[in-house]
Amino acid sequence: MQQTAGTIVWNEHQMEDVWLLTIEVPRIAQRIKPGQFVQVKVNNLLDPFLRRPFSLYRTFRDEGKLQLLYKVVGKGTRLMTTLKEGTSIDLIGPLGRGFTLPHHAEKIAVVGRGIGTAPLVALADEASNKGVEVYCFLSAEEKHKLVGLKEFKEMGCELYLHADTEDNVKMVTDYLKKLLPATQFDGVYVCGSKRLTREVHNLSKKYGFMSQVSLEQIMACGHGDCHGCVVELYQDKERSKKCYKRVCKEGPVFETWEVVGVYA
Amino acid sequence: MIKSVKAEIVENKPIAPEFFRMTLKAETLASEGLPGQFVMVKVSPNLEPFLRRPISLHQINREEATVSLLYQVVGKGTRLMSETQKGKVIELLGPLGKGFTWSDSDRVVALVGGGCGTAPLVALAHSLLEDKKEVHVLLGAQTKEKLVCEEDFISMGAKVKVATDDGSYGHHGFVTDLLKNLIHDVALDMVYSCGPLPMTKEVVKLTQEASIPCQISLEERMGCGIGACIGCVCKVRTKDGAFTYKKVCKDGPVFKGEEVMFDD
Amino acid sequence: MPNLCVNIAGIKMKNPFTVGSGTFGNDGEFEKFFPIELLGALTPKTIRSYEWPGNPPPRLAEAAAGLLSSVGIPSKSWERFVKEDVPVLKKIPIPVIQSVIGRTEEEYVEIVKKCSDLGVFAGIELNLSCPNLKQGGLSFGSDPQASESLIKKVRKQTKLPLIAKLPPDYSNIVNVAKAVESAGADAIAMINAPRAMAIDYKTRKPVLGNKVGALSGPAIKPIAVYLVWEVYKAVSIPIIGMGGIVDFRDVIEFMSAGARAVAFGTINFIDTQAIPRALKDLENYLIENNIDDVNEIVGCAHC
Amino acid sequence: MTNLAVEVAGIKLKNPVLTASGTFGFGREFAELYDLNLLGGVMVKGTTLNPRLGNPPPRIAETPAGMLNSVGLQNPGVDYVIREEIPWLRQFDVAVIVNVSGHSFDEYAEIAARLDGVPGVDGLEINISCPNVKGGGMAFGTDPKMAAEVIKRVRSRTQLPVIAKLSPNVTDITEIARAVEAEGADAVSLINTVLGMAIDIKTRRPVLANIVGGLSGPAIKPIALRMVWQVAQTVNIPIIGMGGITTAEDAVEFLLAGATAVAIGAGNFCNPMTAPEVIKGLKNWLSQEKIDDVRELIGGLKT
């Protein structure tokens, strides 16, 4: 982890309020792993005061570049859209604990909703490079808001898509449910929806696969010092004790069984 | 009439070390603005820097409906201004304050500018020359490099003399040395001054000794720029020999030399 | 080279920089961003005499030029502190000032004695002012009598320099400062963060799980500088100034107002290089202004 | 049709947005920029018995997300205000609240008496919290007994609604709020500026000639919001909330915390169109949220 300056290579509008930022920053790009994140200082002023955390979308190690996919939700991200090619940008990273890909994994599934799909693209990229088969279950409010389609297709992933506008009864995990009796996954990874996380967790109990989720929480430092971004999690599988864990340090990736919300 | 205007930046480029000239498409400012008046510039869309920056009108081009601001990068606000790109629209308030005045009976006048204080004198010289006055311009700068606008004055037809602190160009010494000589050589009807406080004080002293009326443009930290906050006051003599505080933004920024009381 | 050493009640700091308790190296990773020797003293996170998980999330809200937080000083048990943290702190090559807090006088007395007996620390900072606790903390720091009584009791437990950390309590801060001085405190650290609040207009709920939090960061700097100025006039023990410091300019502001040392707090969350940069800039500032000794600027704005 | 009208201390406001005293003069400057009829009300410049010159310059210092001022109540005196300013303001359909500041109990009472019955004056805001005048202002607002006494004296000399403007520079603002309520204040407005200071690092001297100033702007919003919330839970009289409001969202937060109306202060400097923009934004937000009466928001914080 370090604080370093990167150079903006490209800041491209993708769709709706989603943008893709490509940064040349070899020192981070060569180390960062799927599920980890970087803290971005969006300008060199005191307003906005805090950095903004973004999980890795893709990395191009040889070129020393990484990509962050971001959604415009407030002042900080709105300012990010004005960043021009060639501008220097202050980053801290890589931060946090990323996804675990089991050593002998053959097949994994990623389940993402909306902008929450972003870290799963990085994971699918790494997995497919290692020859792991990746099944993608993607969901969004509307079909054109599905994230990462192009990238997942390029990686040769098997795709299952869901849009609320087209079918608000089923969930994208229903496809997973159908496949599961016959297909064995070495890990299922979810991000972007509490509902989907709960579904994935329930299926993991039934079929006994490892399942991980990437969580979000407002952050100040991103490297563990401020203890601001804690979430309440179960400490053990028996759920005998809860504790606070930092999303930035012990996470952002947790096992789904840790998440209190999946039992509701 | 004060107006809140949005103006497009037509040009924003350095003209000397630390000095930038920003030209804005702003019809009302161009048609209503007078030499010596200023605008309050919102330099950032954020809460920091919080206050607007007061910048005097440097050039007023009625035909092209543009005004220019000449500013020196001294802090965060002006640095941000210098980084704002051509084509961007910025928010301004103006024209503000009371500018320089002249009458038909004034035939020969001198303009004394120090550093960035030279900026409003360009618009003033332009108007005075249009009115067929004989205009002497005395410019002071730290070094030759930091001398601004000499060419502008010459091409307008003003008689220009220069002093530099380090002697790298023109007279080695203060611009007020040049004024002393000019007062000796030429019968002046009015002296206009804008620059650092020690220079302004000296101009007032010299003109008073020679019984020449003088107008000085003052600088003060401003809150609102329109007279509401009463933050930017200067001491002005009252008839009974005491003083009152007048607002630099509204009653000024141009004052008669003899009315302002300087604290030593 | 100008002298940067300062002396806070016998704690010799090779420069005036320390960190706000709870803002730096909280996992015992004190060197993750720069060598610890760059600091004049280290102030690790506050320890209690008992285990405490901290306040419920959400704990953070961004504010204009600031941060609103209600972390609530989580603390491990004394046993784990001794086993896990103390060995690391022992190896720190600069003075370590341990910050402590309690809910009652007894708890303060207990924790101060325990810390003092370890023989590891150069000084003890008594947090009299955590804005995020229902009991303790603030109720001591805003009451001159309560602070005086507490300091007197704690004083008997240790020979180490005692630093009282005060809240930004306007009506009383000068009186509290005088009270802690007369009761035997060796220095004052100030200010802790003012209590503040954020509301989410969409959900119509307080943003913080604890409802009320503490405002830190540059937003509060003018308040902190003013209070340092006032307290400097009232007491003769040294002041460690803090509240919104981000760069060398802020350091000079606090020191000219009367602080002999300064603590970098919230900025550590945003800019991990703020301290090394400010140290270098301060040195350059002193050289450019022909100041041989940083102590010369302490309180100089009063002259 | 969305209702925006509220009533504070018997003063009818067509919308809950006012302009805060000392940031709006007597409205003449802003009248060039927009139609003052848009406003719910105007709280005019702090008015004293005799004309006041105010403090020497510099009076302004910019701070992170805020500013310090030490204007020191420069104003033409109550008689001039009655003769020249109030009649001018009467042409607009806005509530006019005169901010009253005194050096003694008698002075407060005398100004109140002179304003009583003046056509065009809808209420008095009693400034017991100006931080920038010596021997008055804030001294009254930081002591509950003195605050109560001012309100009592004023109350006895006027029929007009009396609004006490509270200082945040206290240990417990609710104590002062209770004291003024007990003596007949019809409303409270809060917060006034927070004491602060800035030092110029070139000269290492205070930036403001008055040394100390009042901090305002978004920097203090979280502190103001906390105090409004606390006071709303303590007193039964309405609150005019202020402190760093620059957007409609900010205004909603203050209303939810318990303010019946809000005032725009330093926001008028950073963007002189703030007040009309907040009113428009508030209207849009209410209709978007399908809230047909702004009063539903008042004190609507879910805790």
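In this document, chain identifiers A, B, C and D correspond to the written order of the chains, with residue numbering beginning at 1 in each.
The definition used in the following text is that a residue touches a chain if its C-beta (ideal position, glycine included) is under 8 Å from a C-beta of that chain, and two chains touch if they have at least 3 such contacts.
Predicted model only: the values in this text are computed from it and were never measured.
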Query raised in the report: More contacting C-beta pairs: A-D or A-C?
Result: A-C
Report task. Select the chain at the greatest separation from chain B, using centres from the mean of Cα atoms. Result -> A
**Report entry** Distance from chain C to chain A - Cα centre to Cα centre, in angstrom
**Finding:** 36
**Report entry** Between chain C and chain B, distance of the C-alpha-averaged centres to the nearest whole Å
**Finding:** 46
Report summary line: Distance in whole angstrom between the CA centres of chain A and chain B is 55
Requested in this report: Check each residue of chain A and list the ones that touch at least two other chains.
Outcome: 46-48
Query raised in the report: What are the residue numbers in chain B that touch two or more other chains?
Result: 47-49
Report summary line: Multi-partner residues in chain C (2 or more other chains touched) are 61, 63-66, 217-218
Report summary line: Per the touch rule, the chain C residues reaching chain D in their complex are 61, 63-66, 68, 142, 169-172, 194-199, 201, 203-206, 211-213, 215, 217-223, 225-226, 229, 244, 249, 252-253, 256-257, 285, 297, 300-301
Query - Touch list for chain B against partner chain A, complex - result: 44-49, 76, 80, 85
Query - Residues of chain A touching chain C in the complex - result: 1-3, 41, 46-51, 90, 92, 217-232, 243-244, 249
**Report entry** Contact footprint of chain B on chain C as seen in their complex
**Finding:** 64-65
Query raised in the report: Hey, which residues of chain A end up touching chain D in the complex?
Result: 46-47
